[in-house]
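This report refers to the structure that appears directly beneath it.
Each chain carries a letter (A, B, C, D, E, F, G and H) given by its place in the written order, and its residues are counted from 1.
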Amino acid sequence: DFAKIDHQRQWRTGFPEVIWSQGKTPSQIIKIMNAMRSHGSPLIMTTRLEPEIADLIALEVPNLRYYPMAKIGAIGQLEQKYQGKISILTAGTADLSVAQEAAITAELCGFEVERLWDVGVAGIHRLLSNRHIIDNADVLIVVAGMEGALPSVVAGMANGPVIAVPTSIGYGTSFGGVAPLLTMLNSCATGIGVVNIDNGFGAAMLAGQILRLANRLKS
Amino acid sequence: DFAKIDHQRQWRTGFPEVIWSQGKTPSQIIKIMNAMRSHGSPLIMTTRLEPEIADLIALEVPNLRYYPMAKIGAIGQLEQKYQGKISILTAGTADLSVAQEAAITAELCGFEVERLWDVGVAGIHRLLSNRHIIDNADVLIVVAGMEGALPSVVAGMANGPVIAVPTSIGYGTSFGGVAPLLTMLNSCATGIGVVNIDNGFGAAMLAGQILRLANRLKS
Amino acid sequence: DFAKIDHQRQWRTGFPEVIWSQGKTPSQIIKIMNAMRSHGSPLIMTTRLEPEIADLIALEVPNLRYYPMAKIGAIGQLEQKYQGKISILTAGTADLSVAQEAAITAELCGFEVERLWDVGVAGIHRLLSNRHIIDNADVLIVVAGMEGALPSVVAGMANGPVIAVPTSIGYGTSFGGVAPLLTMLNSCATGIGVVNIDNGFGAAMLAGQILRLANRLKS
Amino acid sequence: DFAKIDHQRQWRTGFPEVIWSQGKTPSQIIKIMNAMRSHGSPLIMTTRLEPEIADLIALEVPNLRYYPMAKIGAIGQLEQKYQGKISILTAGTADLSVAQEAAITAELCGFEVERLWDVGVAGIHRLLSNRHIIDNADVLIVVAGMEGALPSVVAGMANGPVIAVPTSIGYGTSFGGVAPLLTMLNSCATGIGVVNIDNGFGAAMLAGQILRLANRLKS
Amino acid sequence: DFAKIDHQRQWRTGFPEVIWSQGKTPSQIIKIMNAMRSHGSPLIMTTRLEPEIADLIALEVPNLRYYPMAKIGAIGQLEQKYQGKISILTAGTADLSVAQEAAITAELCGFEVERLWDVGVAGIHRLLSNRHIIDNADVLIVVAGMEGALPSVVAGMANGPVIAVPTSIGYGTSFGGVAPLLTMLNSCATGIGVVNIDNGFGAAMLAGQILRLANRLKS
Amino acid sequence: DFAKIDHQRQWRTGFPEVIWSQGKTPSQIIKIMNAMRSHGSPLIMTTRLEPEIADLIALEVPNLRYYPMAKIGAIGQLEQKYQGKISILTAGTADLSVAQEAAITAELCGFEVERLWDVGVAGIHRLLSNRHIIDNADVLIVVAGMEGALPSVVAGMANGPVIAVPTSIGYGTSFGGVAPLLTMLNSCATGIGVVNIDNGFGAAMLAGQILRLANRLKS
Amino acid sequence: DFAKIDHQRQWRTGFPEVIWSQGKTPSQIIKIMNAMRSHGSPLIMTTRLEPEIADLIALEVPNLRYYPMAKIGAIGQLEQKYQGKISILTAGTADLSVAQEAAITAELCGFEVERLWDVGVAGIHRLLSNRHIIDNADVLIVVAGMEGALPSVVAGMANGPVIAVPTSIGYGTSFGGVAPLLTMLNSCATGIGVVNIDNGFGAAMLAGQILRLANRLKS
Amino acid sequence: DFAKIDHQRQWRTGFPEVIWSQGKTPSQIIKIMNAMRSHGSPLIMTTRLEPEIADLIALEVPNLRYYPMAKIGAIGQLEQKYQGKISILTAGTADLSVAQEAAITAELCGFEVERLWDVGVAGIHRLLSNRHIIDNADVLIVVAGMEGALPSVVAGMANGPVIAVPTSIGYGTSFGGVAPLLTMLNSCATGIGVVNIDNGFGAAMLAGQILRLANRLKS
């Protein structure tokens, strides 16, 4: 009763409901997972799952896989395959956790993922020498903290949609990710959609919707 | 010299550079338009153009069309046609100006646009009775001021990407659009990308990139 | 001397003073409880009481009941019964703690409570399929974190006052509950009164005053 | 098409849709008023209507009454009468415009209104010498700018629900009404619901819902 | 060398330098205390001293007295006596720690202090029944968290200067004391000077300067 | 009825009620002035009075004096004389308007005022060469915009209370006076009380209360 | 008396005091200019001078030159010449006004200036094709509004100090220049010093100090 | 692959890439250090390294020196020597950690450093009696928390560039360093460049670029 699982979500929007672990007790998470399993959900996935909670849950939920950098727990996998891929870039090494949340989510939902880490604008040659990755991208997810300038530069070079993810990496006036968020919202490059701070999951869902649309229009 | 027009932008990103009128003198706008015309640009377009400035410019720039609600000035039109359409919704009547900026931009760039105005959540039946529009949408642009809740509800019903545009419509704690912006960034529905407050233009550019990708993948 | 207990509050406003545990030492809480007991208070209640403090207090204060999800400690119960009920809704599972603070407070003060959890707008069918609860409600308390859109939708459907409670559930740009607070204050639906972030207690007090007024006018 | 008038609102929530004039052209307002008239709406009302726009509209819409201090335009009146009254207090003289928006709205909707102006806490004897008004109140609307302390004091004395309306009256750190808003949200008195800054209309709607509930429960 | 103790401060401003413990290592605090002792300072005082640090320091610094509620450590006492007294009020019990920082500071500097705790505006009779304290006060320090309305009411009744101290007591939109700070800065009562959030020490210093001036003018 | 003039204020707090012109209509101001005149008030004073409103009022209210830099209108003068003086400093030339609001208020209330303009910290020798003014001051009012550092330096030199007034002079990150306000609240010098941004009037009222107390204690 | 001109500033810091026109009356500006002229100041300069005020002043102050884009008025010129030059870049055309304030200030103080306009990161090739300008720069001033990413990219390429100037160009979440300010403060490139929003003058002063130091160390 | 070390940075900008420890795992830091060592980097340096992480890393990375107050880990030293020195001042003792981050960084990069601690403006004589240090300075780094007024005063006295570093030292309205940051950005003294809150490292890098330029211009 504490949860009304949205079993129709996959039918309605293409992806099943995903359990947000924050603010839920382990026992609530377990009950929701079991309810989804009984319902025959092909993918049961939970985000922002701390390792010690994952261990507790694994005791009661068989076949739980845990991705520590992404802090994702999962059972199963969506089988549907799509044309096109999702290319994920980070500005720095410290942004990896958010980028991996996006990457693992996308892979669990059946998408091909390409990764390019640590190509922030302070050494622009790192990005320029990977220009082919941008040129060949379908959907781009660009993850950056601190000043968050990477999506602007990438969107100015890219021939496709860019999803910008601000991270809480930084200190002082980064204000927990507000600085890169504002940078991304004010970009003078076009073709950028922004998601919440540290929301790698949401970025993957949006990228997935874009590729699903492309595959649907195609057919 | 005051402007380095990005003539390669259409070749690089699919859309030509668009002139942002704010903070430019009429004479600067005219010079940039003339330079683009000499360069053979098929679409010369400027946003946030106040009517009185449009009148001044029209004296010197032949064939300028002016769209008053959208505050767009344009010469020419992109000829390329795309499969798929862009469906644009507003929560209220006062959001029309931003929504029209998105709609006209999209149409000038060659996209088909569907409009649905004033279906905000305070009377949810208005949205539910237009459910077929959401069900048949490809890319959705959802424009809302005040509390900005419409994109959340739409994204929960839609089977495709949603672009959310907060507007500065409201007063008091809407803080010039911050309230709907936060609502959209924190949406518990997925598949939403957010653009800057009142940025109808940017929403159209992102929707365009998504449909261009779909058309490219298709072929 | 560290506290001037407002023993007249029940006589003046219908409800006794309630002890806010935050920022008080256990010994201060115990002394206030004992003073209220000597004064013959039918309900001695304290909010935001952490479990380990509750254990300490229970050693010295007999008959203390503890409600862990609501973090309320109580002795006694108001006996007065009222016509009408308080219907409490949450957008998500993680909002339960705040919702239970409201529910237990209301029940301790003698009101009938109806609960409906996890009907947030991302899956609007969950709300629509519980429409009868809204239709039959007297006073509604709607609790939501993240984007906090639920009160707007509910108030657009409801035929009675709605009390909106923003919660600190969320991350990044939810800013500890500011995002849903702004959503609720800017609602384009009418008939909504807002209380402080996470203030389930205050929502119950307001709902109680509304029903007390109704019962008073009636007679 | 620019507006989907919510003709069911009165049936659903007890009050008809009200036209928010801000951000609408005079011609849009006139068309909505005419549509509502054709639909037989007993009360057609618009808020935040500047006097010069009211004059323009009056040329085309017969029988429009204009309330300059409240900036409300109206045709007709709700006939239903209710037991109980709405008592409206202001802290200062400069808050009158917001208070009158609440008062006129309430009166147009059929409620009895009592007014008490300029009883702010800097001279507490002004409030104390009007204690009988608080003692005899049913629903209280308390309007205050600057530091906005009046609702706290009133709610501590009142035996019924209090609706607090922060105003943008003040300067410097009042931040356009943020200071009194925060005061009202953080009140240590209970039984207070808060509405948006300068939202006299919303306060009246909430007060109306409360009295309607009381009248409904009664019968 | 890490500190240039301002040994002239007492001669210049009437009070010696006081050591702010936050951000200093215990060994730095000890060295500064010893330097002040060698210099013959009659009062060596440190604020914001956590109990465990106080214990460490007491091992090396003889005669250190520790005031746990105020978190002050002190050696010695200023001997000068002044006419007039400092009356300190709090709105709630949870504000005591800040109020005691003010009270102990004032007493160590030679001033007479009167205390009145927990007379917040939610039960205004508590304040009114202590009216004689306000009437007979010289300088008033009023300490309040949450909505911080007490200084406004007191300044409206008092015939002398009021020093307002916002505290970080509260939650949600109290924003760590910003809410009461804004209330105090925007007070429509006059004769109020505001200090930093939780700055009981600064309030006492200002009150002290006021009484010193009065004593100086007198002679 | 729109105003409850606080005729007891002078008896209660030493100074009569002062009319805040902002947000009042000229006719309201005139009526309040006339009511105070009939009541025999020795000083009728209004602040923040724009010159064109002053002209309007002067037509109906005889003997109104207008101080354009201070934007104060006044009739009469308090006759009581006090020992001690109020020394007012500004950091820059642009702060004069606020400083004059303080100076004229103080003089109308019977206090002696000393002025020292444009001694901001960017050229500290300007302050040091006026050291005797600080040394001989009783109460200091220090007015500063931009970074607002002057009160810190002055309070470090002064042997008496300092009232700090932040002004809205500046641009960009001065945020309408927030920058100097924060500077003043966080001062590491002691003995400072802060008032609202641009609140020269409030500073004078506080200075006046301090000197009144000194004169009272004396006798 | 309203101004204490800092005639020693040139001797102390290398540059004379500059008159900030905002918040000063024309007559005050004229008096300060005349005082500086009598004092034999080689350069009398005023910033943020609106054209209509410049016209008024020119009537009374002979030889006043006015630079409309930079909004600077000046008489005279510093004669000293320095080795090295100041290279000024802007991200967009709308940033020109701020950049010209920096350029004219620098030139009036005797520095050589190189200008490069409209090379923002949305078309990075524009910057890359001007790489030689960055490679040959001594001190760089980089001016950018909207997302303000240009200084990060430039500092990553440059072999010398970079002064970053955020501008108020933008809308919505640019918050009057806060977005580019945060970007610049959080830059992951090093060697950047930031000045206030729109402070072209301050950037030139800092660049000037850097080149003066270089010239001093050299000799 | 998690890091693209910018080995060209020293060649491009004069200083090697420095490892920011926050948000990196110890094993990532070790791998980057080893990669830099293999590349022959003369200085391998990491900032914001907590002592317990330093201990872990020292087990695997030989010759790591750890500077606890500055929280810097380093191997090697830049050998190049420069004319001129960097003078570093702090306002208080609690600012030492940030100041030492600047000092150690500068020394590791080959610069001469002069230190002056605890000369904040609350006791201005401390600064004035060290006037020769300011008079003889080349580049100044001024570090201050709380109100952050020191850089304004220093820049008004200094004949060279000033780099201002706000620190998070303070409480309440210092807002983690926002108060001193705003003070520094709004300084009415000129020649100041500001870096992020607590960014001693960035200040040293900027100071280094300034001295490198001076040395380059010289030759």
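One rule holds in what follows: a residue touches a chain if its C-beta (ideal position, glycine included) is under 8 Å from a C-beta of that chain, and two chains touch if they have at least 3 such contacts.
Being a predicted model, the structure only gives us computed values, none of them experimental.
If you take subunit E and subunit F together, the chains in touch with both are D, H.
Across D-F and A-B, the chain pair carrying more C-beta contacts is A-B. In terms of their C-alpha centroids, the spacing between subunit F and subunit H amounts to 43 Å. Measuring from the averaged C-alpha position of subunit B to that of subunit D gives a distance of 36 Å. In subunit A, the residues that reach two or more other chains under the touch definition are 92, 122-123, 155-157, 172-173, 178, 181, 185-186, 190, 196-197. By the contact rule set out at the top, the touching chain pairs are A-B, A-C, A-G, A-H, B-C, B-D, B-G, C-D, C-E, D-E, D-F, E-F, E-H, F-G, F-H, G-H.
Remark: subunit G residues 12-15, 18, 83-84, 138-139, 155-163, 181, 185-186, 190-197, 201-202, 205-206, 208-218 touch subunit H in the complex. Put simply, subunit D touches subunit B in their complex at residues 1-4, 6, 8-9, 17, 20, 22-24, 28, 32, 48, 166, 168, 176-178, 181, 196-199.
Subunit H contributes residues 92-96, 115, 117-119, 122-123, 125-126, 169, 171-174 to its touches with subunit E in the complex.
The residues of subunit C lying in touch with subunit B in their complex are 91-92, 120-124, 128, 146-149, 152-153, 155-157, 170, 172-175, 178-180, 182-190.
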